[in-house]
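Every chain is named by a letter (A, B, C and D) in the order it is written, and numbering of its residues begins at 1.
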Amino acid sequence: QGANLPIVFVSSNPIGINEFLKMGAEGSKKAAEKLGVPAKIFESSDPTTMRQNLEAAARAGATIIVVTGFEFDDILPEIAPKYPKQKFLQVDSCPSAPPSNVYCAAFREYETSFIAGAEAALTSEAGKVGVIGALDIPFIHRYTSAFVAGAKYVKPDIEVSAPVWIGGDNPFSDPARGQMRATVVFSDGADRVVTAAAASNGGVFKATQDFPGAAAFGVDVNECKTAPDAVMDNIEKRVDVAIEKRVDEIMKGTAEQRVELGLADDGMTLTSLKDGVAASGCLIAKYPDVIEKLRQIKADIISGKVVVQDPMAQN
Amino acid sequence: MSNFEIEAIDIRKTYGHLVANDGVTFRVGRGEVHALMGENGAGKSTLMSILYGIHQPDSGSVRLRGQATKLTTPSVAIANGIGMVHQHFKLFEPLTVWENVVFGSEPRKGGIIDARKAIEVVSSLGEQYGLNVDPRARVSQLPVGVRQRVEILKALYRGAQTLILDEPTAVLGPQERDGLFDVLRELRLDGRTIILVTHKINEVLDISERITVMRNGKVSGEMVTSAATADEIVSAMTGRSVRTVSRTKQAFGEVVLKVKGITVPSHGTKPLVDRVSFELRAGEIIGIAGVAGNGQTELIEAITGLRHDASGSIELAGADITGKPVRERREAGLTYIPEDRAATGTAIAASAQDNLLMGFHTRRDFSRHGLINSKAALHHAKALIARFGVKIASEETPVGTLSGGNLQKIVVAREIAKESLLLVAEQPTRGVDVGAIEYIHSRLLEESDRGRAILLVSSELSELFALSDRILVMYEGKAVAQIDRQEADEAILGSLMAGKVAA
Amino acid sequence: MTKRGFLAAAGGVPFAITLGLLLGACVVALSGENPLNAYLEMATGALAPVNLVDTLAWATPVAGMALAAAIPLRGGIVNLGGDGQLVIGGFSAAVVAVYVPGPPLLVTTAAILCACVLAGVYSAATVFGETRLRIPVLISSLLLSYPAIAATYYLAAFPLRDTTTGLAQTLAVPLDVRLSVLSGPVSTGSVLVLVVAILAVLAERFTTWGYELRMRGLNKRFAIYSGIEDEPQAIRAMFISGAIAGLVGAVIVLGSHYRFQNGALITPGYTWSGLMAALLSKGNPLFALLSGIFFAALQTGGFAMQRETQIPRVLSNILQSFIILFLAMRQGLVRRRTP
Amino acid sequence: MIFNMFTVGATVQAITPILLAALAASLCGRVGIFNIALEGQMLLGAFMAVVGSYFTGSAFLGVLIAMLSVVMFTSILAFGSTVFRGDSVIIGISMNLLAAGLTAYLLRQIFHVSGAFSDPGIVTLRKLRIPGIEHIPVIGWVLSRQTAITYLSWLLVAAVTFFLFRTATGLRLRGVGIDASAAESVGVRPDRYQISTVLFSGVLTGLAGAQLSLGTVGLFAEDMTAGRGWIAVVAVMLGRDHPLLSAIACVVFGVADAVSVQLQARGLPSQVSDAVPYVVTLLALAATSLRRTKRNRTRAALG
């Protein structure tokens, strides 16, 4: 293949507010750098522009076209066969019957969320945890439902506040609405809350300030530094790492078509389970004993001793 | 120093290709009532709006008390002691009388309006000139005559030395007009100058001292009233003599309109229209007289179907049309010249062709299977414009730019051309020049001769006398009398309209 | 429309667009990019033969929604409920297409008709709000969008969700029920919208219906006085408007997305682009259609410019808003130039 | 979960930006200009408040900078819809588009991030505690622990109402909106009043934006206004341009939103609960209209 053909990252939504998409773009850039080819970022806003961008990328003869999200499940199997010379990498989801030039990497978010839930129950003083999501959709249940399951796993009698969804015109970037909804959960007595709502998370973190002892769990990246004293830990999704790794495999020709990344391969992790917890800014740094317990649960999940249900599969 | 309060010298004003004022020189002496006359579209309103600073002349100059003055905005005109009462009132309807009067130069205490003082000033001004209005009333609830008083109060409050009134009597009944003239006389005694734009020759002869007549954008005559005759004025206006038409015919046909017990409820206790019944025959003209606000408008709305809350029964050519929508009434043979040509009778932003097509557009000659025949529509418009002598650039011109009288002709032309069984004509000659009045009157009589029934509402007693076979007088919603024209005279009608029971 | 009317309406358009482009060029230059290059990419991105289909695919919903806004606007009615009507159309088309058995062509037709009728009825219902309850259509149409969105989103998220995916969306429309592809992203749905658009433009210009609607828009009192019945006329206009929005929803679902997916019909802002096109054209359906296509080209070009030059898409949004702003002010600008 | 001092306080706080925006729109409506640019005005205000606060280290200066920049931005509507005779709706919608693009662009240029900018260096507005009343149930919950902007917003509702209906300038302003040509005929120049009023709406929406970013969450996120401007537009339509009625509509909406969260927690699907405030608004509108129509059932068909 031509040496200078780019790696193109096609997003499913405007990249702006979405840490997950930003990581996708970053990962693609890093992978391109390693290969010594340019990287291009095509931002889409809806299925129509996703399709446009995908076709444009294929027509431009990209080395590898990286896409992120479930949103491509329908489109990729349609377009990829038309461009057999191109290779496509879908991150975060796999089409049910991927064409031969499509590779994918899905994540087992629920495993890590499960541990985060356990962490919440172990650190909660109120004995009550809560969940906040941008929208009431199966994909977000992977965080919220698994979080509750994890809490119940370590403390069967833990109370759980009713789930709250941000909704509104702009669920993923409405911090003020996040703040208002988090206030409802915290004032209900929950003091540990997971929040899967992209840029709305900032509002949830802000709300902890009115409730001494309350803390939230971030998602995707380490959010502890953006909101000091508000974030207990984060359910990190290493999209960038996954992309770099998969691109490398594809170029070497060693790639399997579909993989699932989780705790075992560090595709998903908690900030507290990585090195440098002390410098992470996360509140969990103050609970070394809890971290030890979390490591144990992680080991149990990897070994299969503890089986975490995929909430999406339950639907 | 000259004796002229205002001099407009060699004014020229064009709108596109249309020359509205063509070298007009207009001089008004201090302390006089000066009448400005002319046909529709002669350029009177244009000249007045130049004097009030609304429009700037293309060339020419204005002198006030001998001083050359540039009237660039209404504020400048106001500051120079000029006040104007527009043909269409410039009032804020949702606001109160005092708010309207003081608007723009409010008595204030540190930015806050001194309402008490404003009300006081308005009341005392009113008392001084016999302009009685409740300062706290909302303008939207006032009859036109009172609104006009508010307009005059506005000008006086701003210290107007010269008062311009553009067709002030067009909307007034005889009593209201007399009231206005009393006020104007009062003002003249007070040393103020008055410019009166009007089409009514008897009024001019009655109140003015000097007359300027305009025609086609030029001054066509200047005269001293005491030395002028009606014929002179008319021929200066129209270039010919105008005869007044009058009714001759007597034989009527079938009953066309049968109205029984029409009642229109009001918010208060007294109904707006109270059990009115009458019959109108083919070839007959019934005139409805009454001081504005005595239920004439509501009665007409009930008959034409614009009002749904009326009870009683209405039959048109034997068919019961009570409660039927306007469309069905029109299909059954009703046409209607409404009182307000700009708000109801036309779509002023639409072309003359579109305005003249309304109501014809569903007829077979003008549309087939819902497709409009635009050639027929164009032809129709051209013919009506020619027949009624509408002064308009082309049939594509939006009618909003027409002078008041020409706009009226558009409505009259359209409704008369429908040749229906019943024509309801509400103030059909309001604001129309004498020549056009003659034309519209003779057309109405011609229609009647051809067997149409006509229901005529007019605030102009002379019009009622000239046209009606019978006159129905309304007072407080009731039809207090129906009298034959031969038996009616101004005195009888006047006392009936004032609520004094007929002898 | 007369020749003079056409010139008056088109007057200043090139001038306004030029001003918008100039100001946009300044912003592009300020951010360190080459404006000329950016515009070149934008133009080729929208108009080059390979990309023209993208423009057409995007123009279909925008022009459709422009028409949906323009028709009631011609009669002086502002329909702000396009989003709700779009969603009802898309959702009902998806449900019929997925669940109703039968010969494919018949199912497709039924899906489209169902979308048009349901969206049309929902839209027309706002008229009763105005005539019976005195709630202006402007408000009720906007507010009624929300329950429509709520109901369809709920149904797509729970009872009718495709449980094999992680999103809130219905099952995919069966292959043989989909609108056939003409070229790339352009389906027969675009043709359908075009045909409806042409019919609407012709109807507005040449029929008694169009004439009456125009007169109502210019003076409602005049229309009522002349015997045009207020309520039925408004209902007809709003029904047609809603039906066109429903058609757009159905065409997107059956010809492009192949599912009803929560959010996918609304986020691109077709309703608002369409409304702006209609307002810029003062409700004239032909101009609304043309403005809608112009907006679509602008937006498609913006995406292309972002792809080729890596100028962030937000910049192309800024540029678009400049052009629209100057278009909106064109009459004032032209008047100042030539008195 | 039930209403308590935290949820009531959060509701009052959530109402503030909508209230200020509605106030701005009702003033514009009074001079006859339909301000539909609220969303963009607020968004820019939210952004500039964060910029100001971050670089000056003062929340007060942040608010000031927000107001100034939004006033400058608002001159597009002020002059565009008067001097340049543009349609205020088109101008408003494109201003919203412009503000979204501009803030996202500046976010990258100034802070080199995209999406959201959250940093401890952003000095937020303090919540004022009023000693004494803080512990009174309900009243204390509503009146205490709010930012100065919230208190100011309610004072402004009173002040704007007083200004409109008691002062000379207020009267002229209303007159201009009722009939510009009537105002002009007595020498009051409509343009001037329209321009200054619309520009002033920039002050109010600038405050609204600052409250959203500095007063509520202490960060900026792209499109963080999330439809609040539209809610304000609806409130003003409901309140028929009356500042007090519009304020009441804002409160109804805010309370309905708070109730909808509670309903969600009690099992109402979130897709449905999201529509609750709008449906409540519509029903409230229908109920008041119904009462009004009953009162004047007798009226001519020609409105």
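Basically, a residue touches a chain if its C-beta (ideal position, glycine included) is under 8 Å from a C-beta of that chain, and two chains touch if they have at least 3 such contacts.
Because the structure is predicted, anything quoted here is derived from the model rather than measured.
The centroid of the Cα atoms in chain B and the matching centroid in chain C are 46 Å apart. Mean C-alpha position of chain A lies 75 Å from that of chain B. The distance from the centre of chain A to the centre of chain C, with each centre set as the mean of the Cα atoms, comes to 35 Å.
For chain D, the set of residues touching two or more other chains reads 104, 230, 269, 271, 274, 301-302.
Multi-chain contact residues of chain B, defined as those touching 2 or more other chains: 306, 344. Of all residues in chain C, those that touch two or more other chains are 157, 221, 224-225, 262, 312.
Chain-to-chain contact here is organised irregularly, matching neither a line nor a ring nor a star, and falling short of all pairs touching. Pairs of chains in mutual contact: A-C, A-D, B-C, B-D, C-D.
Looking at the complex, you find that chain A touches chain C at residues 14, 40-43, 45-49, 51-53, 55-57, 59, 70-71, 73-74, 93, 96, 135-139, 142, 312, 315. The touching residues of chain A, when paired with chain D in their complex, are 14-19, 22, 135-136, 161-165, 167-170, 173-181, 183-184, 186-188, 198-200, 202-203, 206-207, 210-211, 226-228. Residue ranges of chain C in contact with chain D, taken from their complex: 31, 129, 132-136, 138-140, 142-144, 146-147, 149-151, 153-154, 157-158, 221, 224-225, 230, 262, 272, 275-276, 279-280, 312, 314-315, 317-318, 320-322, 324-325, 327-329, 331-333, 335-336. Residues of chain D that touch chain A in their complex: 1, 4, 6-7, 9-11, 13-14, 17, 104, 114-116, 118-120, 212, 216-219, 221-224, 226-228, 230, 257-258, 261-262, 264-267, 269-271, 273-274. Within the complex formed with chain C, the chain D residues making contact are 76, 80, 83-87, 89-91, 93-95, 97-98, 100-102, 104-105, 108-109, 230, 234, 237-238, 269, 271-272, 274-275, 278-279, 281-282, 285-286, 289-290, 292-293, 301-302.
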